[in-house]
């Protein structure tokens, strides 16, 4: 029995609110159960130095968590003077995931910076960030189309992510914090609308896991992201 | 004429939403027009080293702004590796303002950390932070009373803040960003429910201002904070 | 009775020594009682990036304190690897105060950096820094005139600062450390020769203060700065 | 055809030299083709603060690369003043992988720090680090047994890692730099001697990959680690 | 001919002003020609962690330069966030030099921190710092004797330093900036009152130097420090 | 009697292995007894900003030590976020030593960065670094000649270094760790093939040393470096 009472294959209640940040070119507030992440996409008309003059664009991401997003207050990274290894790992993952479905040649020499800031944390913040970030990025590209900066949206496909895990011997979908902290294994899957795998990050917290378990988790992730893709399309009006 | 069409003595639309952060002992989402700040109060059962063994408590504050709270994206302070002078100045001000109305002896050896995170910025974020922080702090103290950690609420009075300025020759209340960036002078007033001045910070951006202007701004601040005090009482159920 | 035996409206002994730093384009050693600050003005023929090509100049300030300027040794900020919030707050104040009386258009594209280094601290170091910095800046501009870099001195007016406070119920002028550490309230006033207010920063350390107290402190500040303006004129030969 | 001429399922030439670092309690120099990593294990008789008094041990890892381990010189992280996100990601992975096969209760309150320093880089440094680190850790634990600090070796199983990828449409084992920089997808597998999966990290660099490709890469990793496990046993004399 | 017109074996005008810093337990303002360094000694009743419980004391030093001590303004190290390699090298040298003549057992468990802050720089600041620091340290120890913290002064001997160099082929004593920047070789000598060598740091800026030149520079240093030792004794009243 | 049983004038076993780093333009692994330092030379076709447009080159050095190069593990400087004062002092010394024998005009506008990384430490690492670095630099320049980037090797002479000390009253050559930690005095000498002194850094750890001792140590250094120069010539094929 899951702490939340959910079925093994059930996502938490999901909502994607487009336009949640007033000033950003694209934005989305994603809620997965209690977890709440504000994703914004900021457009800038230049690329980082290593890409200059190559006629292509760039998409990158930054991740943060409000100090009291969690049950007990965490350090403010700005006050401590550096981002943790976990923060850097997550923001690199978000950036790679979005670039995997973006036609950077079609962007021209512009950059989009995605900011994913966790307002409330209850597990699955990195996956929620990716799912919400895609909506923010899509909206920012549409904004550029309306401004005649782009002639078409450079996103080639959707991308969404969900974490699965083996909890008390059973593979379950969309771990919340209560499950995540006790799971034997957990794996984050970043999948495309067309069904491809962009990233898989599986970690055995307790006993190592088997090939069969890995496949079971992947199966759950496919069904979970199917629902997330539908919600993304609603949010952007596709 | 003010860009917003407001009367010189009119506040922006104000809302104070108590309990906006699920995990914090006390919290408040304050909106003043478009400006939106999430204030949380986190209780910890110990005091900083310089106060240990003195039988008193401590209240401190940290301030941050989401990178895309503003019209154009700002650097993430955690990524840059340090807090700006402006950030430090503001968080020191918030802390002093709250300590001015707190009976720290009545707290015993416990600390409260207030986090003020700006979700959307449109001028007046430091003042909104103080006004919202008082609500978060009050609620956190009430939480401690319910938990029998405190026998009475150590807040001696209310505290709220508002910025006023001389805009196109006229003293006006509660500057928004459009006014703030063009004002000749602006002053932040931190006042108590009983009418005392806790902090006044006036700065001439253009021409220096006169004693009469300073008094006019103070008068506007008194009327503005009167309304804010009423909203705070509603928010905490007094 | 003030610890120093001074009358409520009396400044400490003041001296302003122009040219105290051999290499700087302008400099001044200011002593207010025991407090001693070396102010230097360094001229550079370029402006910061955000001002390039706008045909105007810039004046900025940095502030520091020798580790043993104080009764007990403080950390060396260079060794600790960062400037404190207090240091940043002060250097921002000094810079704003000087820019308020400088015609930056008249400077052309050049910068002046003011360094205020406290050799001995006994209260009032930020105010002494501003008063001394004006002399250093004036002398540096005169140096530029003699070098034919400037045709006239871009300073439009004098600026000086003094701290006042409510000490044992009485408003007093020019707090020294013994008073400052026990005052109920203190306020720093930055005023111009023409009588305008450039900055006012009032803080209630104990009980909040009243409008009447604020005005009494402002009155003391006016009489104190009148004397400081006279000393500045002597120091620069006006 | 692979740039190295290897068969799809062939590892590079592997060597594991135990005792390569004179002062460390355990050490191993691992070479996989040109890639060369020095792994040392340093024993300390205490645990980090968060584990004190719990009667268990801790294993952690740090990773670095000599500036000229690579074709073109990279920045020295110590000179730049911080470790890159990549470095932090890798050292967290190494630590988790080793803890997954260590009985930390059996260690008592002691810590082992594994240092993996890349002397020459040609792809696969994080996997080589894990494989070599296991040998260093085993030897350090044996050293503790000889010193009567431990009564048995707390390692429950072997752990080794290898990267696989889809190169020009074909799944291949043990990517070198020439392949890694052009692969469509690559995945690092950390596997145990008993066949369990400890970590899987797959990333699509170009097109997303399929379930079948993931399984093919996992199959290659199993055969590759089988050889690595044999080499580890030789190196430690099992 | 030396730029200053001095004889090869002549020191610059030297003055040592004891008690120049009001708050420090011991202090000395040293001037060597234009070079001016304020040396303070701060006593604290504890030792660094690595010496605790060993019944001995510690002497350490920090060095800094005001940004406009030099002809053109240098960066403020506190603002840049780190001390330069040069600064660290110098403060390590000052600390070693003083410890070489201090009986640290006779101090008991107390520390003295020497701060050497350069107010005006014209070459030879590290040597002047050592010479002045000895006076500050001596006075601080005498202060401790008067306070009955020490029964005797733990200084076993005097220590002073001077830089010599080969300028236009001639060995000369006490290089100033004009000479230092053009010397073929320069060497700093730290010598004791009894004639021993505590430190010698010789560097060929241009052509390497010979044994004979090294000995000639050492001879000059001996005659120069003889004068400095006399001045130190005057300054401390020996 | 020396702990190693060596004669007072005997070097440790020395070996210089050219080409030890696969990717570098020049490299050398130097072993002096147990001490082992990998020196690499990296060529870049530009100079630092302060030299641009002056038609000359630059040689600089960085130094590091693997955390477990020593008997007990030291902090990783990259993890701590800064290089120690000792590290900075050493890398500045290496750079100066190499520049003293390089004709930087003959290099044209190119830079060489020398990395000296200590794999095993047993005393004398800074001296070994200089001796090995010269070989790496020579080989890198020869590489540039073969590539037709340089027409002749810009090295004007050899440079090598050795530490000597007074151990139990006797001057001895090439201190190892056991001696270094107990020596009364030690001095590092950097000498040229032609017999000139490039650097001398002598420090009295215990009692100050005499002129005679300094000369005795210099004599030992001359005989030691004679052997090192021969080994360098062998290593580069001169």
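For clarity, chains are labelled A, B, C, D, E and F in written order, and residue numbers in each chain start from 1.
Simple rule for what comes next: a contact is a pair of C-beta atoms (placed from the backbone, for glycine too) under 8 Å apart; a residue touches a chain by one contact, two chains touch by 3 or more.
Being a predicted model, the structure only gives us computed values, none of them experimental.
**Student:** Which chains does chain C share as contact partners with chain F?
**Tutor:** In this structure, the chains that contact chain F and also chain C are E.
**Student:** Touching both chain D and chain E, which chains are there?
**Tutor:** In this structure, the chains that contact chain E and also chain D are F.
**Student:** Using only Cα atoms, superpose chain B on chain E and state the rotation angle in degrees, rounded to the nearest 5.
**Tutor:** Between chain B and chain E, the superposition angle is 120 degrees.
**Student:** Could you find the chain whose CA centre sits the greatest distance from that of chain F?
**Tutor:** Centroid comparison gives B as the farthest chain from chain F.
**Student:** From the centre of chain E, which chain's CA centre is farthest?
**Tutor:** A
**Student:** Counting in whole Å, what is the centre-to-centre distance of chain B and chain D, each centre being its mean C-alpha position?
**Tutor:** Roughly 51 Å separates the two chain centres.
**Student:** How big is the gap, in whole Å, between where the Cα atoms of chain A centre and where those of chain D centre?
**Tutor:** Centre-to-centre distance between chain A and chain D: 28 Å.
**Student:** Please compute the C-alpha centroid of chain B, do the same for chain F, then give the distance between them in whole Å.
**Tutor:** Taking the average C-alpha coordinate of chain B and of chain F, the gap between them is 59 Å.
**Student:** Could you check chain C for residues that touch two or more other chains and list them?
**Tutor:** Touching at least two other chains: 81-82.
**Student:** Take chain A as the starting point, go toward chain D, and spell out the full loop of chains.
**Tutor:** Loop order (chain A start, chain D next): A, D, F, E, C, B.
**Student:** Quick one: in the complex, what on chain E touches chain F?
**Tutor:** 82, 85-86, 88-89, 91-92, 96, 100, 187, 191-192, 194-204, 207-211, 214-215, 218
**Student:** Looking at the complex, which residues from chain F come into contact with chain D?
**Tutor:** 21-24, 27, 34, 38, 40, 42, 44, 62, 64, 66-73, 76-79, 81-83, 87, 113, 115, 117, 119-120
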